[in-house]
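Look at the two complexes coming up: subunit A is in both, with subunit B in one and subunit C in the other.
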Partner chain A sequence: MRKKFFKSLNKKFNTEPQFSEQSNAKDIELKKQDINLHYERNIETFKAIFSIPKNVDVKIREFTIRSLKCRAFIIYISTMVDMDQVQKSIVEPLIENEQPTGKIQDIVSFPVAKMTTNIGDITENITRGITALFVDDDDQCYIFETTKIQGRGIEKSNNEVIVKGAKEAFNERLADNIALVRKKIKNENLIVEAHVVTKRSRNDVLIVYEKDLVKDELLQKIKDRLASFETDSILDLSILEQYLEERPRSLFPTILNTERPDRAASFIEEGHIVLLMSNSPNCLVLPATFWALFHSPEDHYLRTPYGNFIRFLRVLALFISLFASSFYIAITNYHVGMIPPDLLMAMAGSRERVPFPSVVEILMMELAFELIREAGLRVPSPIGPTIGIVGALILGQAAVQANIISPIVIIVIALSGLSSFIISDSSMNFAIRMSRFLFIFAAGLLGIYGVAALGIVGLFYLVSLKSFGTSYFAPMTPHFFSGKDLLIRPVPMKAMFRPGYLKPKDMVKQRKG
Partner chain B sequence: MNQQPGKLGIREYVSIAILMVGSKATEDTPTVLFINVQNAAWMIPVLSAGIFFIPLLLLLKTISLYQGKNLFFVIQKLLGKYIGFIVCLVIFIITLVGISLDSRLYTNIIRAFYFRTTPILVLYALLMAVCAYGAKKGIQHIGSVAYLLIIYAITGLFFALGLSTQASNVNAILPIWGPGKIEILKKSSQSLSLFTDFFLLTMLIPYLSSSKDFRKGTWIAYIYVSIQISVATLFFICMLDQSLGGVGYPFHTAVRYISLGSYIPNIEILFFIVWIVSAFIRFTAFLYINALMFGHLFKIKDFEFLIPSLAAIYLLIGNIPESQIDVGLKLEHMVQAVVGPLFAAISLILWLSALLKGEFKHEKDKNNM
Partner chain C sequence: MKKTKTICRILLLLVIVFSLTGCWDREELEDRSYVIGLGLDRSPYKGKIKVTMLLANPEVGSMQGGGGSTEKPREIISFDASDFIVAKVTANAIISRLISYDLLKIIVVSEELAKDPNFFHIIYGAVYDKEIRMNAYLAVSEEMASEYFLKNRPKMETRPHKYFQYMIEHGIENGLIPDSTLLRFFKTKESGTDLFLAMNTSAVRKKNPKFKGENEYYAGQVDATGEMDDTQFIGSAVFRNGVMIGKLTGQETSIVNTLDDTTNINDFLLNIPNPFPGKQKSFAARVMKRENNKVKMNLKGPGPKIFITLPLKFEIMSNPSMVDFSKKKNQEIIKKEIARHFKIEHEKMLRKVQREFKGAPFPLSYNARKYFGTIQEYKKFNWNKSYLNADIYVKADVEIVDYGRVTKKAGN
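On to the complex of A and B.
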């Protein structure tokens, strides 16, 4: 009732603005039509659509097919096609072949991908880098997949660095990315499905999954979600991620964004769904739980005790980076008795000449640390090292000497800052770093009681988060059968089940040997 | 996207039950028991668990006749529309008052031991606000949080108890029968209120994945909690001996007393975190159950919207008593003295009326068919 009221109120005040837009009804109408039998009309149409000759890299080449004795033209975007191929396998055979044969397919050596008649369809294909061949008196247009887009080669993973295991990372080329996944899962049930999500830029998203594992309802849910976007362009996968999330304003991420194909493959093997997009050197894994975001592939590549050791370190780092500063504030302000007397004297001595309360001190240093961190990221690499020197020298040493902060605060901040680097997922990292500030305020306000209260509220919130219907802490709570790979990882032989929250078609990964 | 309310698994249910009832060991219960039967106090939880076992068993048996229905439904079904309504209303009001006073008691503990200068209203309001937020998230999420934290709550408690042995004296439990066997038995039957929370937990049956899980979970939690309270009382007796009778909240006194080696003299804050976290869960669950009761009584389907207002009512009722003595010694005991026998009696009446109505026979016939 109240919601309805606010909704109607909102509607009243936030009306959509009206613009005087130019209508493109004529273009749309044109794209619905079929191509013409008349050669000249076709040339005219496509010249108009692609604004030739204003558009410099769209090329039309007219010639005569010798064997058929009729005129023809090809149209392509020169920057997106393999020019050599077009010349050698399409144009040369058409011009030079003298054997009388009735079919284009028999003349050209390049395989004809398909034949089509619709103008809109052809236009869409040309923008993607194919070559279209029009022949006089032929109502079909021949499409050749000649796309060759320039891009980066396959390189080492930069953001998710590991010591053991595969090093290669996704790049901006879709074909490469699919190949990287396919070479890890050699199975005919691995499906790569294409979906166009936007209208104007026609960005396509690839849905990668294993047909005999993934739950159909989940797949349908994701497809429906992808089909529901009413937007002109989504340029990058990271933007798509924000469109897909149920709570885009939430501090905590609910979709895993990784640049490692081995990680993507391992999630596909468990029945997750992976989204790829051209021009994005990463992939999205859906649904993602807290554990997926918290783990690192290294945990699995290292031997079980070592892997669990770094897991343990990561848990510790999570707690330190979240609570170190707030705990310090709570103790020095509210629960002084906890500190051993000798240490308390030393701390009081070092704080004696500092004019600020410890909350201000901590906030100043936290902010300084975040600034150094951000600056270190954005700075051009030749002057990168200077940032470290500036940060360490000025903010550390000098601030203490100037009596702006006490030395113990530096230890606390350094510890919590260092620990925050151990959380490898960048979204999770941000979430932890930002919630740290909330805890600092809570500690400043009500000591440990405030921290505990905020912590519980945060837990309630996290537990209620859902990623495509999967609870954030599944399969721990609510409990599901799984590989038991949560805080501590069992030996690989013991991980017998796929995660139950996905309800995969095939639950058992390996039988008891 | 709409989020469907999920079901509560057995792990989550047991966690909630343990946190709700088990935290009695950390408030004034051991003291009250000690005042009653001196150094035999540690037997009382186990004995009264044995006594309350009968009504609880009968209650569970009666409720299991109605698959997936909660306590109030069964009461209204068996006792008729009007009497049933009155009984439910009485249960609701008693729990409302009981929990208000209980939460006030917890606030008093926070104030007395950890935040001596903070106004009580601030502490109390924050407690209630957090609980209201949690309860509004729904029972499944309360269960999940409880499950995530239960391990810390239990280890924290037993760690504190273990450390308290530094200063304890085992001889304090002698003479083993305290004031005498008859006296112990008499007082045990008066301490049924220790376990009345299990009576209220039957409100949650429709939210559990299966009623078998509910029965199993209830017994697990029941046995565990009786042992936990008993063990905790035993440790407190060993540590504080005769002075336990004069110490309001032995757990908090104990954690102030113990130290981690000679270099960290005061570690009560660590245990405070564990304790306050389980207190949050406890009242969140109570708040949810109470809202559920209210919703059932007055046929309000979206009872979750009532939670903030119920929390405010708790806050108001809990604020009425002037001092903590009023709360701890007078009102609280009055409520507790009534609650235990009353709930046991209701369980028995339900079972009897089911028996007389022949519901058990129907069930048997149904099974035979």
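On to the complex of A and C.
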């Protein structure tokens, strides 16, 4: 009875809205047809498809091929093609060549990519920046790869800064990105596969992997997942990341998003799969574990003791940024006996004039810190760095002098805030910063008991997380053979295996010398 | 549907958890007033005690730079109450903040109350209070505890918790006062066999005290003059079965501390009679105890025999007779003298305690237990009675690690 009631209620509120959409059946029908032998008819068709002359950058140029003595036209999008190339290698030879030869391929110096007849196919290619040549009385259309898209060059990595090691980062041009990976892995087994994932914008995703390493089931799983999207457009890789994730509402990321080609290459060499997309200056690494998100490429570039030292610092920073504020609240509110007398006296003395309970105090400062951080990010770059430091200093100093917060809280917040910067992965960073607030509430309600309880529940949750079938804490728990590169990294000579959770075709990376 | 179910479950879980525990006893730390010292005295009213609380003012001395206050560093209140637990509430009639025993460092009991047969029942309340920690120290003062706290006006450490912390820490390190935590007090009382030593303190200096040998003083007898506080921590009060029965001097206390393996006495300085000719009758040495004592017993027969070997290391700190210690002969002489001195002093002290207070001033009975197969046998042996007839032999295992600077006589 009750079930039924809820069900009907649910139905009532969650109906899918119906829209009266304009039918595009005619267009779809048109795109399925082949091109016409009649020159005039073809011009009409494509003028209609590309809305010429309303669409200013779609150009049609009509001319006569002198050697064949027939009329022809080329159509292209002027902003996406190399105009010089079109002029010099396609148009000029066609007009000026006088020797009578029968074939277009022999006249034009630019290589013909392919010949096609389907209108839909041609349209799709034109939108990519190719030039299409139509000749009177010819049922084939000649397609030239003249694409030249403007973009930024290869620059230094901005978000994952390291001291030692390669500095270059992915940019928005797909060809560059693939080249960056290829130049690190010079192997014919490195496969770059294209997949179109959306219907309207026709965004394509490149799947990069090593054929003789990656487990076929994993590859199939990812391909199936990519094929399953029913959406018009996915503009960016970061949006694709959200489509791909098993738990998009989860606090913790399960896919590694990096802008460093060296990092991508090292993951490919281990048997992971990397996704690239045009217009996105980064790549996705699947599957990703907690360790992949937690490590930094610098750990490996530095000598083993130094690398492990910064690992250790990062672990410490992780715990400090998670627990510093909650620990402070728990201790000052519930477990006063834990504080050494001198510190307790100092804290009590400085808290005496503060009007708020310590939970409110901490929350206020945490919020202020997050505000400064976000503001520093959004502020136009010329005033950016100054406003961050000045804002923090003034806010801290003035708040203490105005007796709104106690100086110890500033130390706690500064420490936990600073530590959170050490976790380099931006998604992981957010996860830690947000769970910190949960811990603060838990500490405010139940003291250390609450912190411990939430910590245990959180650990349960993390262990249950999966990234494309891989447990979040693998290979530590569940245990797999691996390079043993978890909390502490061994010397490179000892890392003999690829991660076992990927079940790679070739498990052994190096044999014992 | 599934969602509602999960939410209901989570809510139920939260309700259960929060009914078990929660922020009900949450208290901001500045809302409390911290008792550093607790004084207990006999009250003129029957069944009551006089409770004295020494409260620290957290504002004094805690602020760097500006914002320092002109308030007094401490507050002292005395009143009559049935026990010192309920006294917390009574004290709130006078003190603005919630009284807390979280930082309780020292419980000072007047000699008068400590000798009261009821004393143990009064102090036993400390076991039940969650805030009082078992590492608080028990001290006995000759005068009233209420008077003691009033008279105690340290010149250097105005903050009381710091004063007591330093005073007790260093006193124990030097061996002049025993490590008399509440834990040891209750443990000794429960075992019922040995004596417990509480530190002896006094804030009233005796008028014209007699000069005695090195450290042979009770609290208040050290004749010091100058611009200082009169409070002294030296010597110990002896408790049997939770009631005070007598006192030991500073020197006797330090001897007990060397014999007791359960305290942490690392090293202390000592005067030892000079075996070499010269005007100076004694030389200074640093005594270091790094290993546990070896205790052997022969518990058969009417008079049990107890052999204690002290493995001690020495550093010679002064050489009044300008002896050349590079010579083997001189080394032997000083070693023998130290061993002799330690044997005499230790045996003298142990015999005195055995005769006067009828027990061992440190948990010696623990060593005796291993000589019995069952508890019944041990009980039948009756340590308390048998110990009175025991012969105790102390032997010092002297090892001199450093003879000090080798001096050369002029002209050599």
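We take it that the second predicted complex is superposed on the first by the 495 of 513 C-alpha atoms of A that agree within 3 Å, B and C clash if a C-alpha of one lies under 4 Å from a C-alpha of the other, contacts with A are read in each partner's own complex, and residues count from 1 in each chain.
Everything below uses one rule, namely that a contact is a pair of C-beta atoms (placed from the backbone, for glycine too) under 8 Å apart; a residue touches a chain by one contact, two chains touch by 3 or more.
None of the values given here were measured: they were computed from a predicted structure.
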Task = Would you sort A:449 into first (subunit B), second (subunit C), both or neither based on which partner it touches?
result = both
Task = Look at A:375 in the shared chain and tell me whether it touches subunit B only, subunit C only, both, or neither; answer first, second, both or neither.
result = neither
Query = After lining up the shared chain so the two structures overlap, which partner does A:246 touch, if you call subunit B first and subunit C second: first, second, both or neither?
reply = first
Ask   = When the two structures are overlaid on chain A, which partner does A:334 contact: first (subunit B), second (subunit C), both, or neither?
value = both
Request  = Would you check which partner chain A:348 touches, where first means subunit B only, second means subunit C only, and both and neither mean what they say?
outcome  = second
Key: subunit B versus subunit C as contact partner of A:466, first or second or both or neither   = first
Remark   = subunit A residues contacting subunit B in one complex and subunit C in the other 334, 337, 341, 446-447, 449, 453
Inquiry  = Touching residues of subunit B toward subunit A in the complex: what are they?
reply    = 1, 3, 6-7, 9, 11-12, 110, 114-115, 118, 122-123, 126-127, 130, 133-134, 137-138, 140-145, 147-149, 263-269, 272-273, 276-277, 280-281
Residues of subunit A defined as touching subunit B within the complex = 246, 330-331, 334-335, 337-338, 340-341, 446-453, 455-457, 459-461, 463-464, 466, 471, 473, 476-479
Query = Which positions of subunit C touch subunit A when the two form their complex?
reply = 1, 4, 17-18, 21-23, 25-30, 32, 34, 56, 58-63, 100, 102-103, 105, 131, 133, 159, 161-162, 165
Note = Seen from subunit A, its contact residues with subunit C in the complex are 3, 6-7, 10, 332-334, 336-337, 339, 341-342, 344-352, 354, 357-358, 444-447, 449, 453
